[in-house]
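Across the two complexes that follow, subunit A remains constant while its partner is subunit B and subsequently subunit C.
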Partner chain A sequence: MQSAPLPETLANLLGFDPNSTPVMIVMSLIGAALIGTLMMTNTALAGPWAKRKITAAFTDRIAVNRIGPFGLFIIVADAVRLLSKELIVPEGVDRPAWDLAPLVIASTALLGFAVIPMGNGIQLADPEVGLAYVFATASMASVGLVMAGYASNNKYSFLGGLRAVAQNVAYEIPLILTGASVVIFAGSLQMSEIVAAQQQSLIGPLPSWYAFVNPFAFVLFLIANLAEVGRNPFDIPEAPTEIVAGYQTEYSSVYFVLVYLGEFIHIFLGGAIIATIFLGGPAGPVLPGIVWFMIKIWGVFLFTQWARSAVPRVRIDQLIEIGWKGMLVLSLANLLLTAVIVGVIA
Partner chain B sequence: MSNPWIAIGALAVVAVAIPISMMAVSSLLRPSVPEQGKRATYESGEVPTGSSQQIKFNIQYYMVALLFVIFDIETVLIFPWTVIYRDAVAAVGMTKVLLPMVVFIGVLVVGLGWAWRNGAVQWVRSPRATKGADTYE
Partner chain C sequence: MSLEKPSRDTELDVGATEDGLDYDALADLLGGHVLDREEHVNAEGFVIRPDEVQDVLSTLRQEVGFDHLSCVTAQEYDDRYESIYHLRKYADPTQELSVVVPSPKDDPHNESAARVYDTADWHEREAYDLVGIEYDDHPDLRRILLPETWQGHPLSQDYNQDQPQIVPLRENANPLQDDHRSEDDPDTMFVNIGPHHPATHGVLHVETVLDGEQIASLEPDIGYLHRCEEQMCQQGTYRHQIMPYPDRWDYISAGILNEWAYARAAEDLADIEVPEYAQIIRTMSAEMCRIAAHMLALATFALDVFGDFTAVFQYGIRDREIVQNLLEDLTGQRLMFNYLRLGGVAWDLPEPREEYFEKVRDFLDGLPHKLEEYHDLVTGNEIFQMRCVDTGVLSRDQVKQYGATGPVARGSGVDYDLRRDDPYGYYDELDWDVVTEQGGDNFSRVLVRMREVEESARIISQCVDLLEDWPEDDREIQANVPRTLRPDPDKEVYRAVEGAKGELGIYIRSDGTDKPARFKIRSPCFSNLQTLPEMSQGEYIPDMIASLGSLDIVLGEVDR
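After this line comes the complex of A and B, so read on.
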């Protein structure tokens, strides 16, 4: 199952020597551009189009349908519209931080895709600490959210920033501990090994994906992931009916695009982590791996949109209590229980 | 096998280049029409009062952040254990591997229980909010 990372495959394909460093740097840049383009395409499809269509379907309305087939060209129209808006810089913003925040939010989420195996050999890098790396990049977005909230000089933004930290710190630990319970099964942090460990059959044709092996951990992870990406019931950092738009209140034009885009890439990154550690990565019958991988991350995206349309928002006091009293205790129990079960079987 | 961090560095370059190029394109396209009052921060249409950077905020945000530091270090310490767990059980038996971690997590659970009892993970509502809830019930 172990296939070479993408830059090496590219070097071999184009007939260069994969052992020389300059060649690898160029090939890595090409590979990175491919991954970046792939994820940006997904986000472009999800943000201005799929999200509207899905929400409309849930609330029995008709969404974008005027430009192009199924209203798809709204993506182009929206891109031009948003990029050509005036950038209003509010009075008294903390300048370098206010400009950097959208950059941090957008680029850290994109960075996580470096270690995700997408099937058909599309994996940019495969370091031994893959899972720790991907959790690290995924949680860096909170730094961007705090920067945006604090630097905007707006009370709504400030509240949104504070809420974002309170939420992310409360759900980060259950998320990572549940991820750790998967590592107990797999015995490795390397993404390709975690995927490879899920390929044997569990019962009959059912593969031993960790979602089937440990459904309890899977549910915990799904819920913690909703909080991590800030979607209902955990969308209190934005809470449009309470604090306008939270940390993104003062952002307009391209900065708004970047914050919004960062959120969507983050949802896809969450989906990619779930697909990799719980749903067998790119594994699946008949169709090629990359297609299965896309189906899985879009499945997780659909789940977040479903939650967004169907579940009411929790309050800040409920959020803290669910996080610290419920999820944390359950995730510790899950970790120990997994350890006991694996210990008895092994 | 080449160094995987070259590829990760390359993605870091791309991940920064994409937003910056979008900013550059936008700066070519967008107008700039400075007007009186346009730059005021949004406070539901009111004239903004004071700065938000010297605002007093709820101390409980700080409490949960402090707790997080402790539990975050805990997860860092748990990770190496999870990686070697399977091999270690095969090598020295389950009790020797599992028991130290049970004790370690036990200590943390006692700590969490202490924080729980002292109300650090309980959001204290303001008297006004509590009073409001009483009137509506």
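After this line comes the complex of A and C, so read on.
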């Protein structure tokens, strides 16, 4: 299962010397472009279409079906529509923070994919601090949210930005603590190690994925992840019926696309993290690893959309309460318990 | 059985007798305050001095138990202005009294009733705005429906109807001041919620001062959808031209309920007896409207609490669609039904009748299952309960102070439903219950609506049985009403029906022509919306939004 990171594979494939630094830089860039394109295809093209279809299925509707087979060409129509809209820059926005925020939101989440092993050797890099790196990049999006909220010169955006920070701080800690319990199991922060540690069989054909080994941690992580990506019941930072659209209220045209894209990438990154540390990464029978990996990501995406369709939104004070009084305590307990169990057994 | 009226408080029953109110006893109680007595069709009117309004009303409220100021009607005569306070009792709305307050033509001044009934605040502001009577000692006498800068009072006699008026934006307060704080408290932030906001369900503007995320104070600003409905009705003939307007007040498929309000008032004014068969059709179609309206109320409330166009919203719309189709089959319209006529209905049930009954029964049979689905998805959801229980609490006293009615009042345990308490149509012949909940919170109001859907279904099913067995040669859908209806001059009537949102009242004064001299609409949403600040003070924005959703206002009816 263990395979060399992508740039090395590419260099070997194209007959270059994998030990020369300039070659590796070029190959890394090519690899990054490949992975970026792959993820963008999923998030920017398939994502919005699938979201429409999934939500429609939950809400007893048909959704897009007029343009192309299954309405697939709506993606093209959407792209033209969104990109050709006027970019409205409201009076008094704090530039360049206002312009940078969408970029920060969209690009930080994309960085996280660099260390995710997607199977079939698709992994840009495999640093020893892989998991810490992913969490770091994922949480950088909050910076973008605050920038967007504060720079927009709009009270709704401002409230949305502050809500986003409060929420991310409250839920990132449980998220990382729960991730840490996986690290205790695997004994490593390196993503490939974590994946490799999940390959043995647990009972019979059931693999020792950490979702099965420690379902409690898995549930905690799923919930914290919902808050992290801001989907119901935790879509407080946007909360359309309360604060219009939160931090993204003032964004239009390309900037809106970037903000929206950032959210989708974030959901997919959340899915990728869950797939990697709880669902055995790219592991699975018959189909190639990358396919399994995508299936798992889409499974998590489906879950977030399900939650969005069926669950009411909690109030901001309730959200904070759940985060600090519930999730944090539970995730600490989980961490301690895992540490004790692993310490005693191993 | 809850169809029986709750027992009354005996010591508050001055003048209450078996045959209705004994107005002589009331006049004795008020003594010298009563200058004159008028006969209105619904009740007697006591004429009092403009500077004794508070005295008289507080006596009537405290000693006679008139705890419900249903409506304030203002109008201008050739020689005077007049405000009429329509009083009734929550315990028994058939006990009515109109307090008539004339004020001089050259300087129309009145003592305000807002110190006695909180609901008078907005009603008097409207009277000031549209007619031009000044209310002394009013807490905040400003225009309410028209912009602050409007010139003149549109329903006064010397108002120039042909003069267009432009309201420039700059005359309104700048919503984006440099300093985003309110002046008296630097820690608070002023936010305009609406008129364009995803949660206001129309053009409602809520001026909100926030302390963090909590609401320090808020004030609904209405009038964006003001279409001079009262004046349009005054310019239409009784017989045909007024009936289409009520559909446009509460336009959330409650059309027939609204039409009935006008029909009831006008029929009482002109002494028209509606055939029984038509009354049953009216009752059935009105309850269909109520189901449709409550379904939408549930759907949009879910939208507010769930936060997006989610499953519950779509389910609500899907199920409402079935009722909507039934109404379309019956009336030929989906929104603006225009189905009732003075003295009856426009036409009989659609042929073949059996097929129609079949459709209605299918819908009624499927309803319990659907409601169960809603209970599973909505009211049974813990997060939903967390959000709605004990938020937006409205006490029984507040309900009465603000003249709130309908599901809002019943959600606070006020057992008040005009269908039972002031019977009209065929309701008193049928077996159904008035639904109340004691909580007074957002959750109770939702529950009341959902249970009222069940009761409406019961009513419809009994109506269908009756209609099916009705002898074929006795299907009289229309009473004999003159083509041009000219009620006797100077008759006044105030009549209300139980609309989807509460007590929808109509005041009509006739002047011998074929058009009303004064047409006043008492909108339930108008009074209900007044409770929003009481409910939301100190709560979080999401709770305020939920409360607003649970009030289920329709701006078309608030602003008229």
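Quick notes
One rule holds for everything that comes next: the second predicted complex is superposed on the first by the 343 of 346 C-alpha atoms of A that agree within 3 Å, B and C clash if a C-alpha of one lies under 4 Å from a C-alpha of the other, contacts with A are read in each partner's own complex, and residues count from 1 in each chain.
The rule is simple: a residue touches a chain if its C-beta (ideal position, glycine included) is under 8 Å from a C-beta of that chain, and two chains touch if they have at least 3 such contacts.
Worth saying up front: this structure is predicted, and the values here are computed from it rather than measured.
Contact with neither subunit B nor subunit C is seen for A:326 once the two complexes are overlaid on the shared chain. Of the two partner chains placed by the overlay, only subunit C lies in contact with A:232; subunit B stays clear of it. Of the two partner chains placed around the shared chain by superposition, subunit B and subunit C are both touched by A:155. Of the two partner chains placed by the overlay, only subunit B lies in contact with A:340; subunit C stays clear of it.
In the superposed model, A:58 lies in contact with subunit C only, and not with subunit B. Look at A:169: by the touch rule set out above, it reaches subunit B but stays clear of subunit C. After overlaying the two complexes on the shared chain, residue contacts for A:317 are found with subunit B and with subunit C alike. Taking subunit B and subunit C in turn and counting the residues of subunit A each one touches, the greater count comes from B. When the two complexes are overlaid on their common chain A, residue A:241 makes contact with subunit C while staying clear of subunit B.
In the superposition on chain A, the residues of subunit A contacted by subunit B and by subunit C overlap at 91-92, 155-156, 244, 316-317. Against subunit A, the residues of subunit B that register as touching in their complex are 1-16, 18-20, 22-23, 25-27, 29-33, 38-44, 48, 51-53, 55, 57-58, 60-61, 64-65, 67-68, 71-72, 74-75, 78-79, 82-87, 89-90, 94, 97-98, 101-102, 105, 108-109, 112, 115-116, 121-123, 125.
Here subunit C touches subunit A in the complex through residues 176, 180, 189, 191, 197-199, 213, 302-311, 313-315, 318, 377, 381, 383-384, 386-387, 540-543, 545, going by the rule given at the top. Residues 58-61, 91-92, 155-156, 159, 232-233, 235, 239-244, 308-318 of subunit A touch subunit C in their complex.
Against subunit B, the residues of subunit A that register as touching in their complex are 5-8, 18-19, 21, 24-25, 28-29, 31-33, 35-36, 40, 80, 83-92, 94, 102-103, 106-108, 110-111, 113-115, 124-127, 132-133, 150, 152-158, 162, 165-166, 169-170, 172-173, 176-177, 180-181, 183-185, 187-189, 244, 249-250, 253-254, 257-258, 316-317, 320-321, 324-325, 328-329, 332, 335-336, 339-340, 342-344, 346.
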